[in-house]
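Labels run A, B, C and D following the written order; every chain starts at residue 1.
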Amino acid sequence: MRESEPEQRTWSGETPSGTVDTTENENILEMRNIAKAFPGVVANDHIDFDLRAGEIHSILGENGAGKTTLMNILYGLYRMDEGEILINGKQVSIESPRDAVSLGISMIHQFFTLVPGLPVIENVILGQEPTKGPFLDLKRAEKEVLELEGRFNLEVDLQAKPEQLTVGQKQKVEILKALYQGAKILVMDEPTSVLMPHEKEELMKTLRQMTAEGALSIIFITHKLPEAIAASDRITILRKGRKVDTVEAGKVNQKTLARKMVGREVLFRIAKSETEKGGKALEVRGLKAIDDTGKQTLKGVSLYVLEGEILGIAGVSGNGQEELVDVIMGLRPATAGEVLVKGRDTTNSSPGKIRGLGVGYIPEDRLGRGILSDMSLGENLVLGAHKKRPFAHRWLLPFENRWFTNQDQIHDHADSLIVEYGIDAPSPGKRARKLSGGNIQKLILAREFSMDFNILIADKPTSGLDVGSQEHIRRKLLEERERGKAILLISEDLDEITMMSDRIAVMYEGRIVSIVPVEETTKEEIGKMITGATRKEHPAVA
Amino acid sequence: MEQNDLRKWLVPIIFAAIILTAASIWMKPKPTEPEEESLKIGVVMWGHHDEGLWDPAAANAVLRLEEKYDLEITWAEEIVLTELESLLETLADTNDVVYLTTDEFEEACKTVAPKYSDVYWVQQYESKEISPDHFPDNVVVMNAYQANELSFWAGAIAAKITKTDKLGIVQAIPGPRDTRIMSAAFRSGAQHVNEDIETFRVVIGGYVDPIKTRDSVASLAEAGCDVVFVGMDDESGTLEAKERGIYSIQEYTDIASQYPDTIIGCTSWVWDVSLDRILDAIVNDRFDTFRAEHHEIPLTLEDRSLDIPTFGNMVPDDVKEFAEDLREQIIEGAVEILMIEEW
Amino acid sequence: MIPEAIISILSFFPVIGLAALGGFLSQKSGVWNLALEGMMAFGTFSGVFAYHYLGQSIWISLLFGFCTGFLWGILLSVLCVRFSLDQIVVGFGLWFITEGMAGYLYYTVLPSVRITKTMGPRILSLDPIFYLTLLSFALLYVVMRYTKQGLAVVATGENPKAADAAGINVHRVRFVCTALGSAFVGLAGSYLSLVILQGFTYKMVAGYGWTAFALILFGRWTTPGILFGSLFFTFLVGIQTRMQVAGIQFIPPEFVVVLPHIGVILALSLAGAVGKKAGMPATLGVHYERE
Amino acid sequence: MKWDPKLNPDEQQTRPLKDLIRSSLFIAATLLLTVSMIFFVSSLSLGLGFAEILGLFLSSSIGSFHSVLRTLARTTPILMSTLGLLVAFRSGVWNIGGEGQIVVGVVATTGICLFLDLPPFLTVLLALIASFLAGGAYAALAGFLRAKWDVNEVVVTMMQNFIALALLQYLIDGPWNWGVGLYPRTAMIPLETRLPFIISPLNSVFLIALILVYAIHVLLNKTVLGYEMRVMGDNQKVAFIHGIDTTFLTMLAMLVSGGICGLAGSGLVLGHFFRAQAGISGNYGFYAIAAAFIAGNRAALVPLSSLLIAFIYEGTLGLTALGLPHRLCEAIVGVIFIVVLLPKELGWLMGGQKDDT
């Protein structure tokens, strides 16, 4: 693990290649028509990207636009299908994070990679330890790190353990780590999404300072327009795996950016029939909750869903949608507020009870929360209904009970659903994990729809699926809506939201920015709102 | 399992197996000329015939008689009770005599022996006198229920040797009557010589545990004992005694020659005297009559089947003489030895 | 009397100490080693084996035991780290194999061996291995604490992702730790047969391997913790026998060996009850693959 | 701290027969390979012919009607404890404390049969129930710790094994000791409380075991409870989302699992030894883990796998008459144990890349 060191020294050292900022060719990094396809979806479609020495370059785009994929390629986590990467005009091949680090590229992930139990200082020097003889030279390390801290005012207590630090401090540690590794190019994936406002300001300052001397360039992945404009020198906009444009941050306003980001092309709308709305099926009042890191990500959300309507929650992920869904489903305690299902208070009651009231759930994390990967389709499809007739029967026993499963019924049930939902599987005995992503989603849909719910929580039901299954799933949702079901649709795809919803609630930083009927708004407006461009205080919805 | 990989691997494995099999079958077994007059005896033991102290006692007996009766010996070693019955049946199929070297095997013997009436069974027994119908007719019992006399004797000798008037006893397990009897008899023997002798006892909780055994002998030495009476199935006790420069008495087998300066003597259970008589009866086809009069053959000090064969260098002659006298007295019953069950 | 007693107690500390140390090393890097008992058993065999066939030298035999342990460790880590088989299952399999093989080989390829030589120069009537054990504990402590290798091991056990991102070869670290650890276990075994018993008896390990395993958990995966844990246990045994000599039976001898086991269950449950981390390496038993 | 054991599920619809045949072929080949290798060594060291050794191996395991019966008798405890462990494994809980639970069952049964004088029928019934409850409670403790405080159940059950063994040792050494002979063991249980032999040495406990096979198969594959268990074993999160009480279910699974192991112990006392003595559990609890994995965690295949192990056990037992130590058995089982885990990886050995599904 040491061999990376010499290269890295020469890179940062005084060899010709080190004279970065003085060469008239300022691009220290060029990525030429990078292409990367995952099964069913093209993540990067021949993207060009270049980075000048000492600039902050934002990559802007909705989730799924391909920003992260691009950066993972740069960092050696993915192999690109086509394209080439040049550093200082020299073509390089990046096989693994180690290569990237040795080339002076560091990446700070959205979720930090710190070793619990090790003090900050050792976390920082991990992998690049200065040694005196066989031992760590902690004194020297401390001197160097302190020097770094001083230069970019990243004050962190070097002896503290990661679990004692706040999120902001952890991020500082990550930055220190990158700097200590001798990073010339620093990739930051959604750095602000986990931070408190004041921490953000601090971060911005730090980034400015770091790039001021031109020794360091930063790639800043974000989907928040104001930050992009505030933080960066140039902005590259990606949409659906394609590069839209690269603009000077000074010369654009949020409106144009928003348009570039969400696109304008009209795509065909599914004919939405008018449905008569019923009463409030699901209502949420002043809901507050904290995420796993203990940060308050849900700051008082109030909304309701009528029977026979689809309420679309627009917003970029990480703005509190996950927590909202968790709380509604009873998977996460609410710190304040209440959840009403058909007028009945289900706040903090068990998932079983909530589902019992007829709440269906299409999770975002399909493998982790959706399916039983090692069990057969049939068994997957009865999950939840397995205690009810006809799947559970009294077998030979004289008295009434629900002890025994009825294999034939389960089998037939599965057969019919497989046909109805067009799941591509030879037989109900097939293991769920063998299915493709689209089919897994169909499987979950089939299961949730087959048990009669009147409220459905659909969390990004079409994300990461190919167009065919997307259409299929959307149709199904609309059908359910016409049957008078209430559907809460969380999605990042504005096209989908505008196409499906009756009303649109925009979530930004744990709050509902506004709730508007779909007719009274446009995609651009929503695009601005989800990126926090326009802060309209949301009307007092009871 | 992933079938395709499986299929890929079946072939080579089977090949390797076949080749190996062929190779092994190819090499001939050593020619073992069948001598029909040789008496086949299968010896069942829970340890190994050349290991520890309990099993060698029986094993040596068989080995000493090997030439005399031209025995063909099969050692069935390291036998756990869960396996016993199956094993006895396998042995009975191939042997004329089956020799069970501990009464731990008695139940199995009772169940299996009747099925193999043409096989002679020899059963070692330690605990108490038994009735003729306690075992089936083709079973003869060699019974060591008088072993407490031996311990008594040893205790007396130890009492003569000791300078500190402190004796140590390492007892394997606390429960069974006989282990307690040995310890108690040893103590009373010592006190028979000298009333104010102190005896200390350590219980290990198993027959083999070198670590604890050594530690206990050490602690006894620290307590001031200069003679320890070790009832374990390994020699670690004597090893420690040697290091501590104190004396030891090991049970069951005579290993005094290996530690002439440490071991005073070994309270050996010499099975070959009785075994000799039984085998003699068998080869001369008068087993049934023999069985009729001796359903059990007790081990005694008299015929030296309970004995301390060799004394260590540290034992002065007067003590040896004393030992002889005491032995006579015990045999005549001049000294009567109580069966003390409790420590 | 007192120092003498302490010395005699300490004289079998290496068996427990070395075994615990070995297991600890592999667990710290994130690999269960459930084959401790078996590897010790095989160590006892290989020690005697080497003594018989490689010129009757205790030191060479100990070294041999060390090496055989190393080999078993390599097998374990190939199966667990390279092949990502489940560590629990593989641990059990290896336990079966090693223990079986030890007994089997001894009685097929060896005559009954009696060790006549004793350990080399004694300091305070304790043989070098004892000091070697203490030394290796100290060394391990220093390495874990003050060297980049130690840093790498801890990082691998706690957060392999981070280690990987920092350019540490996770698999290699685990490989080395497991193999080396098992080597120490083998050493413990051969010490038991060569010095403590000076011979081989079946079932002579008598559960001390699992005791060592328990002591690792009881020491909460810290070097000092394990050192003191095993010292504490050794003294417990010693004190129990001495109490018996004094005529006091404060705990049945059968239970002494399993006291650490009970302690572990209590300790873990307590840690869980108060919601505190038991100090267990975060990814212990979890296989790591880069995505 | 927690991780899901990788368990092969029943694939009812995917040509079970072909699958079974293939895997059994694979195991057979492995067995042949291992055995012949070991016998090769032995024949070198002991100067015995291979044919001789193999012959004795086979004859003492399946050579005669009687030896077949013996093998079946040997199968009984392994089969029962394997079924027990299976329940836990399929529920995603690592219960490797089979040995300990067997021992607890032994203790309970012996205690009741020796120290309670009730009508024999009642005694036996009570003994069976008690052993089930004892073993179950013992395991459920680990289940509780795991479910409530997320304590690693592997460690707990493992430690419990040795604690239980120590308990047995203590009882048969001291309080319950027979008081005869040099060896730790209790007195025999009264004649009328012993279960009858079908044909000695095959005891009627074997029938209980067979019934259990079907019972467990039904429980796991045909009942709602078993379904929920398997759901939990597959994905605890999903189980929780769909309203399955995972805490309770974990404990219940452990209860059943440990209970059946306890029954196995009870069977050893009532049907084989009629007393408690050292080494009565004979490592069956550990062999059971191997058996469960060799059977790919399918209740229907467990009889085969435990039969296989019993076969090896008896075969190597015959070899002890040649002076080969019985430790052989452990070695062979261990090798098979690991090899049946390998196939996914063997591709890599062959130079092909391993497929990760």
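Here is the rule we use: contacts are C-beta pairs under 8 Å (C-beta built on N, C-alpha and C of every residue); 3 or more make two chains touch, one makes a residue touch a chain.
Please read these numbers as outputs of a predicted model, since none were measured by experiment.
The greatest centre-to-centre distance from chain C, using averaged C-alpha positions, is reached by A. Each of C-D and B-C has its own count of C-beta contacts, and the greater count is at C-D. Centre-to-centre separation between chain C and chain D, using Cα means, comes to 28 Å.
Chain B and chain C have Cα centroids separated by 34 Å. Chain A and chain B have CA centres that are 75 Å apart. The geometric centre of chain A is 45 Å away from that of chain C, both derived from CA atoms. Residues of chain A in contact with two or more other chains: none.
Contact with two or more other chains is made by residues 103, 107, 202, 252, 254, 282 of chain C.
Of all residues in chain D, those touching 2 or more other chains are 8, 169, 173-174, 323, 325, 327, 357, listed in ascending order.
Interface residues of chain D facing chain C in the complex, by the touch rule stated above, are 1, 3, 5-6, 38, 41-42, 45-46, 94, 96, 145, 148-152, 154-156, 158-160, 162-163, 165-166, 169-170, 173-174, 286, 289-290, 293, 323-325, 327-335, 337-338, 341-342, 345, 348.
Listed in rising order, the residues of chain C touching chain B in the complex are 1, 4-5, 8-9, 11-12, 15, 103, 107, 111-112, 114, 192, 196-204, 206, 208, 237-238, 241-242, 244-247, 252-254, 256. Those residues of chain A that touch chain D in the shared complex are 329, 331, 350-353, 355-356, 361, 363, 368-376, 379, 383-384, 386-387, 392, 395, 402-405, 407, 427-431, 433-434. Within the complex formed with chain C, the chain B residues making contact are 47-48, 50-52, 77-78, 168, 174, 200-206, 208-212, 214-216, 218-220, 222-223, 233-236, 239, 258. Considering their complex, residues 1-10, 13-14, 16-17, 20-21, 23-25, 27-30, 42, 74-83, 85-87, 89-91, 94, 102-104, 107, 111, 125-128, 173-179, 205-206 of chain B touch chain D.
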